[in-house]
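The following pair of complexes shares a single chain, chain A, combined with chain B in the former and chain C in the latter.
Moving on, here comes the complex of A and B:
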């Protein structure tokens, strides 16, 4: 059983997103592991713990700092870490999917997991594109995957609290919405130990453009209105609310 | 205060549980046991962890249990842990592993120097590395510290946003571009927690009024991570310490003043092991030096009865008991009353050693929060105000006065009291 987890290193939205020209100013933001990838790593490790096998984590190293995320994945139970040294912070999901698919092709995986989406594009394309390149089936929005005898039972979430169970033959690609358990915590002591000893394999990105989006313009959203904070004593506040309701013709 | 209820033992004439006859008085001995029926295995397992060796020193005198705050709200203390281990408890997997606040009161009285302040972090670290149970809230605090630089999970870029509310200039070292006398390390809770911000603003106004040449690190400041270390995440602590030491050493300053006792403990007692040894003082120790200049500024009397809670990490861990009291007594009109447990025997608020981030977990294993017990003690003195000197405490005690029906008692940092006496324009 070989599970490959495709991860993404994306700009952190914990801080303000500075814009330069038609994209994010990549030099002045921190990059972090996509939060859905924490779930796909957890899902992979859970399967490995249940049925054995190996977990390979692979990602495009867009700014040359992917090692931290890979060490974290190793600390959580992945066995092998691979980075595609592209150093192209603007590479979108389409481009990354192409590079990833080319690399994964040679790994003969039984199962490929990706986070169902990432906060830097939210189009959820990475998994489906990898599946398309590799000519494999794709299922997104999974909340539990169990593997038995060459098959997987997959729980997929739909809006409105509906879940559906699928039986799928391996290999296939899944977009993980959530692992069945919250992602485990990797102690920093362990991550630091691994950082000193682990070997991260590096491969070069393939040639050739992918399809995808072209950025024309990027700008922070314009603030159009804001809430009025009503202050004062309870009486004053109540009076102001009545006044407002009246002025809108609601009273 | 509610009357103390005594537990009533269940005594039934005829009880059979799982086929075992347990009828009769509760203290009935089913079978004689000799001490040799127990193995020291689980005690040795703890004591074999580097740092936790002193666990095996215990000779069961029980002095520690009498002073352990957790025993007041539960069943705890080094002696009991030792005994539990002797009778089959694996500390690394037991909930007891997370209940100690590293308050050091047991160490103060233990004739055998059984040191929970070292034992707990060591065993917790081992448990974390072995993938054993870790309370979820604590894990969240670890993750937040690793990801955002503070246990609250607030963005780094907002670390200095509080300065806008201070009403006085709060210079930032990076922008200042010159050496300063005092580097004021603000701390995570004073930077982000609404009630912590109140104390930070008060401190800024006091420093300004005293004409102190100070600056802060602003967005470059990150959590000291000492409580995370005591909760078992040594790697996280080391990562933060490396960053902080490099940041502190980027600038020229003569002395560091910290708002919190945990930061004092980190920078003064632990960072030296990582190569940092520059002077660090708590704000109470610092301000007391300026008492002559401060007194004339304290123009507005505060006619209130005030009791002071000694933070474990300022008092027992760092020996500062008098400076906070001197500052309080400098405020005209203020009457300082003591709680029965004070100074060396101060009662822990429950926030130390990671307890700050384990309240829901500890609630499952204790009868009440330590902060609630302490708030009741404070209220029993008849005090109008519970004064504190640790940024963990304001929020802990404010919750506790509410949940114990003591809302009439205000919880204020000494900084806030000094500031109010200085300005006089705020109601207490």
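Moving on, here comes the complex of A and C:
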């Protein structure tokens, strides 16, 4: 069983997001592993623990800082880390998906996982694009994947706590919404140790064309409404809220 | 190429989702700007497909499409889009549309904008606004070429304009639906038993800012004093701090209480989908730029623990 997981590191949205030339100013933000990739790595490692095999993590290194994310994945139980060295912060999903699809095809995986989406630019397209380029089916929003005898049992989430179960012949691409268990924690000391010893394989990007979107602008939303802000100390805020609830007959 | 705008509708248990009507309404307007027709596409039987205000409705009524099957839907849509070459294909950015839109884009080699909030035609060019960075930024893009795909967030357009009674035309599936790799097995309904947050008049909603399972109790205490019930954003549920039945949002439940009191929730688009119609929304967040402040009626930039403790003293 060979599982390939595509991972992405993204600007932390907890930070201020300075915009320069229609894009985030990448020099002044922190990078973190995309939240849903924590779940896809966990899902892959759970399958490996159940049926054996290897987990390869791969990413397109558009910013030149992917190593941290790859080391974290290794510390969480991935076996092999690969990066596509393409320092092109402007590369869009189509271009990156082409590069990834080509690299992944050469790895002959049984299962390919991505996160269901990343919180940054035009989200959630990469997994389905890889599937399209490899002529494989795609299923997103998964919350459990179990593998037996060349087949997977997949649970996909629908609104309102409804789930649908599918039986899917390998290989296919899945976009992970959540692993069946909260992602495991990798101690910082272990990540540090791996950072010193691990080998990250580097491959050059192949062909790839852009997806044909012309960026006109990127800016904070034009705000049509805004909350009335309650100022003061915590005590004053609490008092104002209680008063507000009373005046509305909610208390 | 035509000026047609094709809408991929979605339904569950015999009912179309609101987003399908929202898209059809918008598609009519865009098709008119392109000099084409709006076409609603309905996949699967067991629904009355003659409910849209589209210029035309196509209905592939095969039983193999009754339940959502990502592979079957994708193959059928790909074949129909190839056959009809619409100017624009519209999906909802839902758990269904997310599986299909970008995949189709890759197969057709045409651009796709996800997370769209607005779609318009200016001087013949298509312009799409979409949300990025958890709603903190808006990108405006123009898809190039003769065909484009957009996937729109639920709630972006009014649904009324999409309701109508256009007679659906039943067509055979353009692809063989035998021999697929994906097989639908069953629907799993959530277990009943926990409180139903959709029927509550007051909710205290906790987000990742609550910090850990041990702090849920504090929120429970406040809720009790307010006569409310505790609900949560997705990360709180994923972390196992509260059960799935308490989750509000795109992949959770839609709520419309009289009071939605939010502690440490940023206001990501997926959360807003579930609660933006609440009558009174009050948000406490330490980040003054949190998108939730654009939606809430009242807000305070403050530590949720301090405010909660202070409220408990007063109540």
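Please note the rule applied: the second predicted complex is superposed on the first by the 219 of 251 C-alpha atoms of A that agree within 3 Å, B and C clash if a C-alpha of one lies under 4 Å from a C-alpha of the other, contacts with A are read in each partner's own complex, and residues count from 1 in each chain.
One rule holds in what follows: a residue touches a chain if its C-beta (ideal position, glycine included) is under 8 Å from a C-beta of that chain, and two chains touch if they have at least 3 such contacts.
Since the model is a prediction, treat every value here as computed from it, not as a measurement.
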Tell me the contact category for A:187 with respect to chain B and chain C: first, second, both or neither. first
Based on the superposed arrangement, let me know which partner A:32 touches: chain B (first), chain C (second), both, or neither? first
Of the partners chain B and chain C, which touch A:220 in the superposed model: first, second, both, neither? second
Looking at the overlay, what does A:51 touch: chain B (first), chain C (second), both, or neither? neither
According to the contact criterion defined above, which of chain B and chain C contacts more residues of chain A? C
Touch test for A:107: chain B only (first), chain C only (second), both, or neither? neither
Under the stated touch criterion, which partner chain does A:211 make contact with: chain B (first), chain C (second), both, or neither? second
Determine where on chain A the residues touched by chain B overlap those touched by chain C, and list them. 14, 16, 182
Which positions of chain B touch chain A when the two form their complex? 125, 128-129, 131, 134, 136, 139, 142-143, 146-148, 155-157, 233-236, 238-239
Taking the touch rule as given, give the residues of chain C at its contact with chain A in the complex, in rising order. 12, 67-71, 74, 93, 95, 98-107, 110-115, 127, 130-145, 180-190, 202, 226-227, 235, 238-240, 244-245, 247, 250-254, 258-259, 266, 268, 280-284, 287, 289, 291-303, 306-307, 309-311, 313-315
Name, in rising order, each residue of chain A that touches chain B in their complex. 14-16, 32, 182, 184-185, 187-193
Report the residues of chain A in contact with chain C in the complex, numbered from low to high. 11, 13-14, 16-17, 19, 24, 35, 39, 93-94, 97, 116-117, 119-129, 131-133, 137-141, 153, 155-169, 172, 175, 177-178, 182, 211-231, 234-235, 237-239, 241-242, 244-245, 248, 250-251
